[in-house]
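Should a chain be cited, it is by its letter among A, B, C, D and E, assigned in written order, with residues numbered from 1 in that chain.
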């Protein structure tokens, strides 16, 4: 089996309630897929299916990776183990000897910003962000080839977030690990992912699929802002998040619940960037700007032409 | 039961004048499920003391704890209570206000065995013998006799203590043991049980092998009887010599009745006491060694008996021989 | 080693907290004294007499051998019950089928009066230690089993998922995942079982043995020697208190240390 | 009402799941049959004989009154112990001082052989129901107390803080916060106590009562009628199983319903 | 006692470790204070002190509000109660009759986007975002006069975030409630708060205090971006988050661990906006832009002059 995750026509229902319908997803080694979508649309369910925690009811899921690691939405640390032992848990399960596992756990803890003191504490004495960093360290310490992460950075401040983004990208460059991550921060998705899947709710399905051809480590900030803005101008995306559609993008058509729209292919990205939305919004807040609160979508520099660097359009 | 009824009626008529003076509200008799209690049950059943009390009640006691509760001073719950003589002495020495009025049971201890050929204590040398209750009277008697026979009870026998005669019986029947020291009516019930279908198919017959009373007489060179159990007076009876005298008469009569009519006695007792069977009681009445002897007349024998017990296990009689106040003596 | 060191370091605070326990035991003694004044020495001798008798038994050397025999039996039965009950209970908690199958058996064990076993025990073990040990085992096993079963069933599903994902081997699942949680259910069960074991072994000896505290108790009981009876019972209870406070409680403190930090963090 | 409806709706699934229990009881009967074949009917009559004897007792009407008397005593003692044990245990769990004070007393209660209480009980209650009820209470109370204490102590500190912040009154703290958590500790304690109550009441009746199953047991035992003895014990055990599976288990399912959903959500 | 929260010289230590030092804070009725700072700097500790969950060790804390409500960092729902009953918990504690409390809980649930189905489920069947919305609804349902919130919107998607921001502002306008909120999203802080307190770690202390004179409901998106950018140019702020200082702002001086700097007063805001940082960063990613990943700070339209509308500078 090749090192890849392939999902075809996956459905899932809790009791009688259908939560996921017709999910298709491909994650080859070394790539990053970001899953975004409204709260309660089934992202975590999909991740748990990938992790093998839920039985596949319908459709196929082929996971060819050998060493997956999961970072859950909640830290899920063992309350009776110190942070150090929690981070080393996966290593212990692999049979790594105590000394080495301790050293590796501590190195990983340092790289997520946990100090010696925190390592000796029990999880309930850690702050929220420290707990989620411990959970991240526990997953990374395994040296996985597939990393499933559920909102890994949502409890972290901007400084740590940036640091951990770098850490993740370095890790990925070094070990070629595949990442499936859930996030609510579109810009984070654009910054880290090779493919962004936007889901809509009731039932959970993928309504938009964006490919980012430039490798994540070579994306500039400006391109990240612009791509995010572009993403937010997609009717399917705005509909999925219940945002008002930016006025000038309304004619893109095919409302909500639409079929998957391939985007961020060079052409469509260029086409979209031709419709500046920011100047107007800055002058007098338009519905679009009010509705896109994480905002950079509307803040892209309208005056600049799309450059050939980073994004290939 | 007609005979019993007639007899009872005759008794009560004969005794009628005595009761004219003061009649008690209630008279309470108490005793264990053993031969000493049969006459008490008969008194209660037949109304033999109707002339002295409105109601006569028999309350059984089953274990030392119940006995202690019954014996508490000042509560005056029981008037006459049947118990082993050493227990009476023990309670007396511990400050309970009671007096021994008579001894009626003169030994009901047997060595029961699966082996017909064993006849004396000495025959049981080297054998495992079940003994219900460690350091209780049967145990001490057994040890005394063994000593007297020139045997060391610890070395020459393998004594296996069990919790109760019932356990001993059960082990005998289940062929887990071959010999046991038992007391009436346990002996009779066990024999009955093993002779009756289906049990006898499994276990061979048991035999009354050695009569410990007999051994007592033989080894200690005295009469073949042990002053084992009797009646003590308590509470309102203590201050009422008339009542005691009346009770002594009734008890003697009832004892005689039981001895003369074992089957009727068995039926009567079994009716009151579910745990005993009519045949078992009848058998035990036939086998046991009863004689009504007022306490003051048995004093010498009792003191010898107590002396033997005291020598081995002072706690059995409360640490010392009871003084003369223990023995009830009718005032002439 | 670390366990031992932590244990030693915890002693002063532990002893201090023990004053509350001592105070309430003193209250109990006072109540006993009062009751004995009301009911008289035959029914309930006063604590002074009882402890004097106990001291006499200890001085004369009569107490130790009996206590040792009884302790050996109680401890053997209890340890067997703890081992079997904890293991089987946890296994039953993991597998729904095993739990369905075992529950009624446990109920049968729990509800059957000991006399039903006594005959069988005497058949199997005769007059050896076996009978009281077996009786203790039968009495304690279901208590521990039920606790372990319930503890295993109540482990947070999220942590179970985590363990699955991190592919914890069975050994680690047992010791790193289930046991630390189950321990909080096992502790009340162990405390109950510890008390039960002493009580039951004494009762079993009372009924069937030639030695041990129970047998001594039977003797003093048939001699109507209430002071000695209570002295033996006091010896049992004091030993039990010692075992609980010197052994079980420190272990508990150690194993539940992570909860304490939680407590200190919140002043609510 | 909703509880009742949910209860009724749950019956089919419940009965289905009961097959496992029935199967294991059948295994037990088979083992019994085997043992009886080995040891002979005198030591251990086979189940057929025993249940025939039991049927005879039931037909003759002898069984019901005795069972009713015993059940009344066991239930009274058990309910008192549940009420007192749960309440006091939870209070002790909330207050550290109360817990320090009460623990040794509970140990004393747990470890004191019943014969120490029996005299007092007989003095206080005489031949009435009081003695067995008191004995049951003394035997069950500490079991439940320890469970409630531990359950209260292990409530998540985060939820306690939440309750403080939302200013839950004491009543709500008890019923909405503590009890649903403590219940998972109380259940094993209740199961243990239920079994214990039947066992203890039978033993107490055996020693001190004129009626009830224990007294009947004493009679059949003294007649060396092993079949009848076992028939009475079987009656007790069957009643216990009925109480547990028809009463306690559905209540448990209802109260722990929220855990089930958790289970179904995760297929690990 | 007036309806206000006043903190003076507050310290806090867990065991021997000092976590907070010399905290001063004022929160009058109707105002919003946002607390931002690196993970583990003591924000939650401060919030718990305000909620009365920790005993004050040193300094004074005077809380004159009558009906405070808290939304914790973790949802802290009672697992044995349905979502509906969880939301109604505070009302039940106030003695509101069952019918009314049910109605109010359901209304509040609807306004945070929880449907009928979710209301009947137990918390463990809710998604992460649904749980935190339930916790928010539980706090709001009380009709509090002081609302303490610990990262309330971090688990929510952009659409819901915008919707709940509106809800909070409406609520505040209607009931005049005071809000103390912790967030990792600087833009969210700038959007909702009247005062922003930036904390630094080891020990936790307030290193920067920004006042936003324009009422939150009247702030335009553009102003939000600009102010955020300005905030991120403050050396104290960048130091606190461990970000590299934007090159051109380095001369503002007084490094890290600095005393409280009053800012966003009209003058300083204007002064700061005179140093454009974005053009350079867009042309060739500067350290600053790489280090400020939530980015709009660097994306403010450099060409535009500060306008007099919204912000009073």
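Keep in mind that, in the parts below, a contact is a pair of C-beta atoms (placed from the backbone, for glycine too) under 8 Å apart; a residue touches a chain by one contact, two chains touch by 3 or more.
Quantities reported herein were computed from a predicted structural model and do not represent experimental measurements.
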item	value
Chain hops separating chain B from chain A, counting only touching neighbours	2
Chain C to chain D, fewest steps along touching chains	1
Selected pair, greater C-beta contact count between B-D and B-C	B-C
Between chain D and chain B, distance of the C-alpha-averaged centres to the nearest whole Å	40
Whole-Å separation of chain centres (CA-atom averages), chain A against chain D	53
Per-residue overlap in chain A, given as positions that touch at least 2 other chains	14, 53, 74, 124-125
Chain D: positions in contact with at least two other chains	39, 43, 115, 119, 123, 157, 161, 164, 221, 262, 265-266, 268
Numbers and ranges of chain B residues touching at least 2 other chains	65, 68-69, 72, 170, 174
Residues of chain B that touch chain D when the two form their complex	62-63, 65-66, 68-69, 72, 166, 169-170, 173-174, 189-190, 193, 198-199, 202-203, 274-277
Parts of chain A lying in touch with chain C, wherever the complex brings them together	48, 51-53, 68-70, 72, 74, 76, 78-81, 89-90, 92-94, 121-122, 124-125, 138, 142
Touching residues (chain side chain A, partner chain E) in the complex	14, 17, 36-40, 43-44, 73-74, 113, 117-118, 125-130, 133, 150-151, 154-163, 165, 184, 186-188, 191, 220-222, 224-225, 240-243, 278, 281-282, 285, 289-296, 298-301, 303-304
Complex contacts: residues of chain C adjacent to chain B	39-43, 118-119, 122-123, 126-127, 206-210, 215, 218-226, 228
Residues of chain B touching chain C in the complex	64-65, 67-69, 71-73, 87, 90-91, 94-96, 133-136, 159-164, 167, 170-171, 174, 176, 313, 315-316, 318
